[in-house]
Amino acid sequence: MQELRIAIVGHRFMGRAHSNAWNQVCRFFDPCVKPVMQVACGRDEKDLAAFARRWGWAEIETDWQRLLKRDDIDAIDIATPTFLHAEMAIAAAEAGKHIFCEKPFANTLAEGEAMLAAAEKAGVVHYLNHNYRRCPAVLLAKKMIDEGELGEIYHWRGAYQQSWLLNPQHPLDWKLKKATAAAGPLWDLGSHAIDLAHFLVGEFAEIDCRAKRFITERPLAEDPSRTGQVEVECAALMTGEFKNGALATIETTRYATGRRNRHTFEIYGSKGAITWDMEDMNRLQFFSGADPEDRRGFRDILVTERSHEYVGAWWPPGHIIGYEHAFVHAAIDFLNACAKGGSVEPNFHDGVKSLKVLEAAAKSMESGRRIGL
Amino acid sequence: MQELRIAIVGHRFMGRAHSNAWNQVCRFFDPCVKPVMQVACGRDEKDLAAFARRWGWAEIETDWQRLLKRDDIDAIDIATPTFLHAEMAIAAAEAGKHIFCEKPFANTLAEGEAMLAAAEKAGVVHYLNHNYRRCPAVLLAKKMIDEGELGEIYHWRGAYQQSWLLNPQHPLDWKLKKATAAAGPLWDLGSHAIDLAHFLVGEFAEIDCRAKRFITERPLAEDPSRTGQVEVECAALMTGEFKNGALATIETTRYATGRRNRHTFEIYGSKGAITWDMEDMNRLQFFSGADPEDRRGFRDILVTERSHEYVGAWWPPGHIIGYEHAFVHAAIDFLNACAKGGSVEPNFHDGVKSLKVLEAAAKSMESGRRIGL
Amino acid sequence: MQELRIAIVGHRFMGRAHSNAWNQVCRFFDPCVKPVMQVACGRDEKDLAAFARRWGWAEIETDWQRLLKRDDIDAIDIATPTFLHAEMAIAAAEAGKHIFCEKPFANTLAEGEAMLAAAEKAGVVHYLNHNYRRCPAVLLAKKMIDEGELGEIYHWRGAYQQSWLLNPQHPLDWKLKKATAAAGPLWDLGSHAIDLAHFLVGEFAEIDCRAKRFITERPLAEDPSRTGQVEVECAALMTGEFKNGALATIETTRYATGRRNRHTFEIYGSKGAITWDMEDMNRLQFFSGADPEDRRGFRDILVTERSHEYVGAWWPPGHIIGYEHAFVHAAIDFLNACAKGGSVEPNFHDGVKSLKVLEAAAKSMESGRRIGL
Amino acid sequence: MQELRIAIVGHRFMGRAHSNAWNQVCRFFDPCVKPVMQVACGRDEKDLAAFARRWGWAEIETDWQRLLKRDDIDAIDIATPTFLHAEMAIAAAEAGKHIFCEKPFANTLAEGEAMLAAAEKAGVVHYLNHNYRRCPAVLLAKKMIDEGELGEIYHWRGAYQQSWLLNPQHPLDWKLKKATAAAGPLWDLGSHAIDLAHFLVGEFAEIDCRAKRFITERPLAEDPSRTGQVEVECAALMTGEFKNGALATIETTRYATGRRNRHTFEIYGSKGAITWDMEDMNRLQFFSGADPEDRRGFRDILVTERSHEYVGAWWPPGHIIGYEHAFVHAAIDFLNACAKGGSVEPNFHDGVKSLKVLEAAAKSMESGRRIGL
């Protein structure tokens, strides 16, 4: 295989971020196989055409199902709202296409399990785009944890805080309705947070969740003179325990004034500690209990060295990378997996694992009980 | 009244911190009444004598009950372990002595309520030493919240993290036994955290709590060759909702590697946000949504100006104060309350309020249920 | 004009960064004219071919002078070592090509003046790539200064600190020889620092400079068993005064352990202050004397809002950009200037202005005297 | 010797800070000898009496020379403006009194040399109060440098920045007149900065200095309706070279908006780096080149451990100390030196060493030349 011919579905925020990744991956890296940006698919033909021109997609298509019948498409890049993922991914798998799927994985665990089953049955490569796993600083955290620098882990203290719903005039868009979004920040932000917790600490044994709606009515997107009910929580607080005994707190909100995209965690272990924040994604704070007592402190590591994962392929040390670069890192690994017939992580297994936690949290949100996993 | 004659009970860590406050208060401030350090009381006569000499207590006494019969004592400073507070405070009140009481308030709500009832009945001044309320940065936070700079409050994200139990050889001291300490960090650290949440946001409507013991056996203090069971939790995670609708997370632990005395909170409101950390107690971070969009950011306020509470009496701007200074600030207000017949906050009312939350949390810790307040 | 046909000379670090900019500029922005990556030029044909393939240059060429005779080249992108800039830029100007020139501008003021004269005479667009001017945070600083937020400026405290020469085994490459590099960090880093000082504060009235060679012998690049003399300074310290009366310190070094690419400045004015650091290029610290005394502090502004220059075209607020993005910002403005027949800054005028300061500094370095400008 | 009987001259800012130190030293430490606060001396009898009462000085005296004739005074604490130091210190030495002298040492090198000669001849203990040397974080820096953690030192980048002269209405007080203050921030702040550079790096081989007056006229202190000429510089910038080959920049100013008492240094060596800032005096940043490449970073050390100098005697780890504590640390060492007949640092030798640098800087400020030392 020399090329991987890709069709993308979706051309908004994630459509741009994915397209950029396909464009950039062969500039800075050497995947085994070159991505070919074959078709961009969407429903608004005019917007779609402009998108395809801008990003270099060779053709456009307004019916995603037609993509699946084509022999010249090897992979489907699903960059649509979550509620569309299941149908598309299952059909793509059945058509034997590899799948690069945006998060959140699916609106329900049942959907997610069906997606996984279809992908596994078809034997296609399936990737779920929790892009933060491929920030070099997060990979450094993973490496240090695996090497035992933190010892036994006691605490995960995480938060994903945004503030874009502070304005009461923000309309009632699809992210605020249950049918389309399943939940509020719990799904959108919590899925990222849970995925990183899985990646860095392990699986959960139990979870609970408390949520709140601060602003309950908002202007309708289609008619701002009328208002409708916000159907999802504005913020969700989880606490939990991992199977290895560590404790977790995870806070997700769109009402954290002053925080724009603060995805942060603190991990405390018997020998060391690590903290990270997506708003300063090129840095990792690391405390080593192995340092002499009088010169211990959190090290502010600028993760831009040649010895750090991926980042050395970009620029010299001290020259930071941005938000979109982790998507490029995902692209290279997805391409290599497709080329070599392997797998890539996180994938639909991880998606199912996270949905189990999220559905348990949603149940706890209602019942006020702790839910075992 | 020209002088307030004080007897202190307890001569360890808190005995020192309180004694320092009585010594320093008239150097830097002008309370209406001068404290007279009359008697230091404790059980170990030799240590006690050294303590009294060092700190300037005129006499020593080994039986605290004898203090209460003396006419030349106006106030009792209770700096003993928590389980002794109730008996001492009630007796002191009944003897008509003003009370300066170290935290945690009491081991049970019942004890706390009895203490409050006794103090109220006797009409004495009662102060509960949640010293963090008198850090100038915390007072600035309070002032800004009261002035509406944060608008409606949505989130309290707090943590009190220490790491002094990481060492498995740390002995099974009184802080690790239920009878003497009531609980682990929930009581010791959580009482501080809850008190600040009360002070800055308001009362709780509901709370839940999850806890964990990471190290379950420790060497006996009296015989390190044998071990005993740790009886209290190593870490406790709370989430809750305030009566005003704001959400809260509060994490307390003695297993946060790299954190020595990190008592931190983040408060997010509809108009602004504030964060603080005791390890950098002279600073307050403040985000104002009223700043123009392109020049908003968390301000790193060095709280050492003449316009800030208390701190101007110490040194010029930019010259920071330390941990013990907030005790001095408490001393001045206690002295003034005793002199003028007023009251001072926090007091036993606040202690009772906090114990209600802590007992509910302890109940939730067992049952896994949310507890209404 | 619909397209701007570009030939690039140079295919190492800067060749990559420029090529990336030409590739990305039309994805995220809408310049009036589309760049066409026509020819890549260099001396090592094999490397060059790989470079061209990777970055999308249509052809390759090993003799830069041949480029100038072609009608299908509108602009020359000079990404070569500094000592080659003058000959290339002058010839390009004479051939009527627009010029996108990497920094440092030239090895001598005389060269720089000739470059400027040639470009002006030919009427071509000339751009000098001091990329830091187009970091959104730097542009915000400029805007605030222009709006008077800092008042009268008193202090510029700048430093450009790297550490890549700490290793004594680093070979004696072209950057360490006078004939090829003119000077050490004074030229390479100092030109950036001086350019930002010009941009944000104004012109210098006087400068002085002190320098030092810490490691004086290094292995020869061509034969590591032998060593040769380091011909340029290892670090250079300047102080100076601006024409508007403000003072400046500028420190440049390649021996600042722990600093990888720390280009930082502090600006203090009568009404406010600003600080910035390239290693955290998405943030700007701003202190406003107009804030109430008790709530003043340096604001940590995350410069990723739609209201900030350029950055809104990339990703949503809170999603940071990286080192290479400022090159893209330069590309758009260069393209627009070429299309509209205008000019772009910084350009060869700025290059000449900076070289006057740098040559004065070099003279001061030798004589130990202050040099007026 | 059981007691050291002290007389203090001066009762403003430094009078308070010194008095506090004599009061606190035996509470937290165990010097060999107890200080007795015998006499407070000053010219304003009413203020002086209040000062003595407040701080616990047994007597007052308005003629400092009378102190020297008394047998019951062992040491003179000089807390007066600089221009009075020489006469007082010389007389005190001649009277055989130990001397605890506030900084800046003296207005001229000649004065300083006479002070040193007198003290040495008399064989008394002489201490010069550069209090920052006894901040635990600075002592940790010293220890690490002495142990070789930084290797060969290349760079000292220092600044002492305040902002209290930004207000043009600040009157023309003694600190702004040449006769009383010798110079502006160069003397007042620069003496601290030079002393720390001497302490941590070594002696200077050469220095130069550039200065500026930003506001040249100010209201007279005695009659605000009239103005007078500011006689000293508003800011002074030094660069220099140490005898060991390291480079230095030192910036001092009272016009750095937003900085209240920022005394900061960065030290870069072949193996590591250290930075510190007085506004965060309990922390030290340390970069170790010995850490593995992929996990290097500046460690943020909270210098409050038992293994850190002095600080363990105050409070448990994580409980910070404030500005005045370093004065207490000086008191203990001064007392011990007086008791044991030893010496303490910094002393008049250090004062003379610093004045040599300061006078050279002042000369350079005028001549624009580098001055060898």
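Going by the order they are written in, the chains are A, B, C and D; count residues from 1 in each one.
Basically, a residue touches a chain if its C-beta (ideal position, glycine included) is under 8 Å from a C-beta of that chain, and two chains touch if they have at least 3 such contacts.
No experiment lies behind these values; they were computed from the predicted model shown.
Across the two candidate interfaces, B-C and B-D, the one carrying more C-beta contacts is B-D. Using the average of C-alpha coordinates as each chain's centre, A ends up farthest from chain D.
Once the centre of each chain is set as its mean CA position, chain C and chain D turn out to be 41 Å apart.
Centres computed as Cα averages put chain B at a distance of 54 Å from chain C. Each chain gets a centre from the mean of its Cα atoms; for chain B and chain D, those two points are 36 Å apart. Along chain D, residues 259, 296-298, 302 each make contact with two or more other chains.
Considering their complex, residues 140, 143-144, 149, 283-286, 291, 293-302, 305, 307-308 of chain C touch chain B.
Residue ranges on chain C touching chain D, taken from their complex, read 150, 152, 154-155, 157, 159, 161, 163, 166, 208, 210, 212, 214, 234-235, 237, 239-241, 245, 247, 249, 251, 253, 255-259, 266, 268-273, 287, 289, 296-298, 368-370. Chain A meets chain C in the complex at residues 13, 17, 19-20, 23, 26-27, 54-55, 162, 164, 259-262, 278-281, 302, 304, 314-325.
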